[in-house]
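Below are two complexes that have chain A in common, paired first with chain B and then with chain C.
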Partner chain A sequence: MFLHNVNPTVKALTIIGIVFLLAFLFDPVTPLLYISWTIVVTFLFGTFKKKYYIYYFLSFLLFAFGMFWTTLVFSDTSAPSGKTLSLLGITVPAENLWVATSLGLRVLAFATLSLLFLFTTNMVHFILSLIQQLKLPPKIAYGVLAGYRFLPMLKTEFQQVLAAHRIRGVNKPKTWKEKIVQYQRMAIPLLAGAIRKAERTAVAMESKGFTGAKDRTFYRPMKVQRKDWLFPLMMFGMLGITIALSVYFGYFSFYDGQL
Partner chain B sequence: MKDTILRTENLTLSYEEHPEPVLQSITFSVQKGEGVLLLGPSGSGKSSLTHCLNGLFPRELDGSMNGNVFIEDRNTSDYHPGEIARKVGVVFQDPDSQFCMITVEDEVAFGLENLNVPYESMIEKVDKALQWVGMADYKLAKISDLSGGQKQKVALACILAMEPEVLILDEPTANLDPVATKEFIDLLKRLKEELNFTLLVIEHKLEGWLTFLERVIVFSEDGQLDYDGPLRHHLQFHAEDLHNMGIRLPFATRTSLEEKRQPPHPLFVTDLPGLPSLQEERTRGKAMGDAWLEMSNGTWKSILHSIDVTIHEGEWIAIVGENGSGKSSLSKILAGIQKPTRGSISLDGRPLNKWKEQELRKEIGYVFQNPEHQFITDSVFEEVAFSLRHGGIAEEELKNTVEEILAFCRLKGMENQHPFVLSQGQKRRLSVATMIVDNQRLLFLDEPTFGQDEKSTAELMDLLQQKHDKGTSIVMITHDMELVDRHATRVLVMKEGRLAFDDRPEKLWSHPGLPDFHLELPPREQWKRTIKNKEHTYVSS
Partner chain C sequence: MNSWKLKEIVVMSVLSVVFAIVYLAFLPVGKILVGFFGPIGYDLIFGIWFIVSIIAAYIIRKPGAAFLSETIAAAVEVLLGNAVGPMLLVSGMIQGLGAESAFAMTRYKRYDLFTLMLAGVMAAIFSFVWGYFLSGFAALSTGYVLAMFIFRLISGALISGVLGKALSDALAKTGVLSSFALGKEYRRKRAA
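Then we have the complex of A and B:
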């Protein structure tokens, strides 16, 4: 439960900081160690539906593998060292495998960090924290919140329009052209509805005294407490240890235009 | 003498795109603690007035506003933005689009945050406001999980928490079913006694407010102040004027007008003399025709449970029941829009899944609750012509058919308009037009009179009645028991996903489970009973 209680802004800035630092490194071992660490932290200190995490993780894994594979297949095949490896029926220079693995794991490291944030943060709290800690203008923040509420409504409306059009005898589109025409048709009622709703919401917010002014009180005060610093301390600390380990075993390398 | 809290002076308002003003030199004043009904047909500028009273106009107005609005003797234009919210609070019509937060407590707190209420008293005020409206148990709930009636209560709590002097309700019950409407008005009545706020209710119908609000301000269609005075008196003596303006009168008053009685007209069913005339005791007895659509053991997810129903030629079926009882799901499955999880449906003895979509749509039409969802072209003419063109019909004949249908649906002269710019009533009739153009023999309608004013309701029902007389079977979902009483030959009552009743309407009125179904008696039936009770008392005394 600890991760859910960390101040969302502190959490977000920590993750951004780590991603920034990881972007300077380019070897497979450091990110691999850090990925393991991130996943352990997420599962130990977060409560969420594990099933969904795995779904998300698998899709990122696929993406990372894609990066790995394309780098491998489409990179320069003239190997300076002359060493080659045979992999899944193709022969590639050994260096390229190193580069491709680094790239794939780097993508995966960014993904696990983002998932840590997504699965342990309440979006409303995050936005409220952005207003209170980072002075995000309330006009923008509450606009985003109102929009966030609209998404599920838009989804049901989309399904209704789809059914309503089918009943009018609009056939299932077969070609790309038909598909585009259909989406255009559907966009009009959806947009008209959304604009009307947005306008009404704006009027309702204003009549409740919302002016977008920065001085307002908060029903959910978001504070940065001493215990919130534990999270960045832990994450940056571990990054340091990981780097130290891979330097010690001789794997470490900075990003130096390897691609 | 009480204090004047709100006052308008020669208020005139016009929008940029229209030369005609929507409000014309409106002058009235409201005393502290009063309860006023602002009555007017749709398009009489009532909602624009709300925007003037809560200070949104002229700040946010594309157009011009002349005259003055005073709140506690201070001109609204002298208030800072956001300051008027302390004095005037508004509950709007649409329960879905007046919120910007996810949970109930956050939403109630939102207004307080805007007013810079300190944290500690905010906690207290949120709880108190939710208690007032009886929603304390839902404090942590998500707004999207609530029913329409509950959302309106939350909307009310949001405003009450801010403790405004004046409470304005802009058609607060327009999107609620009759049971939720009654609950909301009762709640308001109780709160007004308890908290003694000044109340302005903007409406285009009267029912429900008669026993509550004493004063009425009537607006005419061109935005002029037509009458300002005691509500009941005006209704008793000038019911005809109100009726001609397109305002929905209470049943008793309407009946008295129809029977051409002299004023004062009665306001409640219990005051009506005589028995309802029997001439209307309909031609419903018509023999039932062949079985058309048959469903057996129809089940859908956990929403519908093994329903058996058969629809015959020449029937007019009303599907009733409280919100969430499965009315819409049932009608969508019967119409073949949704496939049942179990059970079978057949039209003319042939299973629905054996019909080609195109063929099926020529037999069964379905009018959705929101007519806009069904529009797919850029003009009224093309909208009706759309399905005909698929049939590969000659241009000349096509034109004639479309003209005929448009005339039938009273949309003549609008051929080149964009469907989206029509009025609510016209949109609804256009959506019906698109569904009868292929001479469909079965027509489903999902709450066809929802959000319509008196005039468009009457026009629509008239049109459906004519269609029915020509042999179309109609299935409609509705909450309006008067419509059921007037038109339906058969009623299906849904309760918790099961078919709880299936028989002629007359049988339903004497069914002991009526309150359990969340249904009320139609006014004509109430009237009959009052008279019978009176006679009974007379005989026994």
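Then we have the complex of A and C:
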């Protein structure tokens, strides 16, 4: 439960900071170690449906593999050692495999970090915390919250427009082409409906006294407490240890003109 | 920010939410293209990922519309979960800044097709520079990277600029935008 109680802004900034640092590393070992650490932390200190986590993780794994594969095939690294590897019938220089693995694992590291945030953060709390800690203007924040609430509504709206089209004699799309045409036909009614609803929502908010002024009070005050700093300390500390480990074992490679 | 009406903010957020879903839906499309053509596959359709900043700026016509809408769309994508993670938020902000820069160059006065296409191109340039560092394009051969860049520019101009304008104009014709800058322009044109 520890992760759920960390201040959402502190949590988000920590993760963004880590991701930024990881983007400068070019060896596969450091991200791999850090991925394991992130997963362990998420499972130890978070409560959520494990099934969903695994479902998300697998789809991101596929994405990371895609990244690995495209880098491997299209990579430009010259092979001074002349060593080549044969992989699934394709011969590639050994260096390419190294770079590709590190890029693939980097994507996966980003993914596990964002999963940590997603599975342990309440979105409304996050936005409230952004208003109170990062001084996000309430006018924008509440506007966004209202917009975010449209998400489930859009689905029903979509089904309604679809049903309306069917009643008026539009047939079910059979081919890919027809499917695309169907989406084209849906776009304008969906957007128009959403805009109308948004306008009404805004009027309702204002009629109930919302001015967007910054000196408002909060039903749920969000504060940064001393124990919130444990999370960044832990995450950055472990990044330091991982880097130290891979330096010690000679795997470490920092940004060095690879770009 | 005070010149913004709440109505405009909520409509912008809703547009961002809608297009965040569109953006996520296009990720697998991009992935299929990547499967066929390599990393350049994303660049062929990259313009789709700037479209909300062009649409929001074209409809609302206030400083910050392009940047804010793209940022919100990226935030929603992050909140819905995606493989790129929180870095996507920064990517969205950079793309939004790119589009915003084009409108700022016209001092938020011109909203014709040329400006909208320029906004798409600027977003493409900004996002490419960012992607170059983040995704390690340097690992790819120079000619290939150049081809990626050119395709992204074209896609930015055509998909986000031209298609974005067409979508907004179609919306304006339905009359739902009557209290926004674009709708007002339509009314003026009809009156004239």
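Methods note: the second predicted complex is superposed on the first by the 243 of 259 C-alpha atoms of A that agree within 3 Å, B and C clash if a C-alpha of one lies under 4 Å from a C-alpha of the other, contacts with A are read in each partner's own complex, and residues count from 1 in each chain.
One rule holds in what follows: contacts are C-beta pairs under 8 Å (C-beta built on N, C-alpha and C of every residue); 3 or more make two chains touch, one makes a residue touch a chain.
Every value quoted in this text rests on a predicted model; they were computed, and no experiment measured them.
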- request: Examine A:Val99 and indicate which partner it touches, taking first as chain B and second as chain C; both and neither are also allowed.
  value: second
Query: After lining up the shared chain so the two structures overlap, which partner does A:Ala164 touch, if you call chain B first and chain C second: first, second, both or neither?
result: first
Message: For A:Leu154 in the superposed arrangement: first (chain B), second (chain C), both or neither?
response: second
Query: Does the superposition put A:Val41 against chain B (first), chain C (second), both, or neither?
result: neither
- prompt: Looking at the overlay, what does A:Ala192 touch: chain B (first), chain C (second), both, or neither?
  reply: both
Message: Is A:Tyr219 touching anything from chain B or chain C once the two structures are fitted on A? First, second, both or neither.
response: first
- prompt: Who does A:Ala64 touch here: chain B (first), chain C (second), both, or neither?
  reply: second
- request: Between chain B and chain C, pick out the one touching the greater number of residues of chain A.
  value: C
- request: Determine, under the contact definition given at the top, whether A:Leu25 touches first (chain B), second (chain C), both, or neither.
  value: neither
- request: Pick one for A:Ala146: touches chain B only (first), chain C only (second), both, or neither.
  value: both
Query: On chain A, what residues does chain B touch that chain C touches as well?
result: 146, 148, 188, 192, 196-198, 201, 203, 205-206, 210
- prompt: For the complex, which residues does chain A have touching chain B?
  reply: 124, 142, 145-146, 148-149, 152-153, 157, 160-161, 163-171, 185, 188-189, 192-193, 196-198, 200-201, 203-211, 213, 215-221
- prompt: Inside the complex, what are the residues of chain B that reach chain A?
  reply: 51, 54, 56, 60, 81-86, 88-90, 92, 94, 96-102, 105-106, 109-119, 122-123, 126, 143-144, 158-159, 162, 332, 335, 337-338, 357-358, 361, 365-366, 368, 370, 372-376, 386-387, 390, 420, 434
Message: Quick check on the complex: what are the chain A residues that touch chain C?
response: 12, 15-16, 19, 23, 26, 56, 59-60, 63-64, 66, 70-71, 73-77, 99, 103, 107, 110-111, 113-115, 117-118, 123, 126, 137, 139-140, 143-144, 146-148, 150-151, 154, 187-188, 190-192, 194-199, 201-203, 205-206, 210, 212, 258-259
Field: Complex interface listing, chain C residues touching chain A
entry: 1, 4-7, 9-18, 21, 31, 34-35, 38-39, 68, 72, 75-76, 78-79, 81-87, 89-90, 132-142, 144, 167, 170-171, 174, 176-177, 179
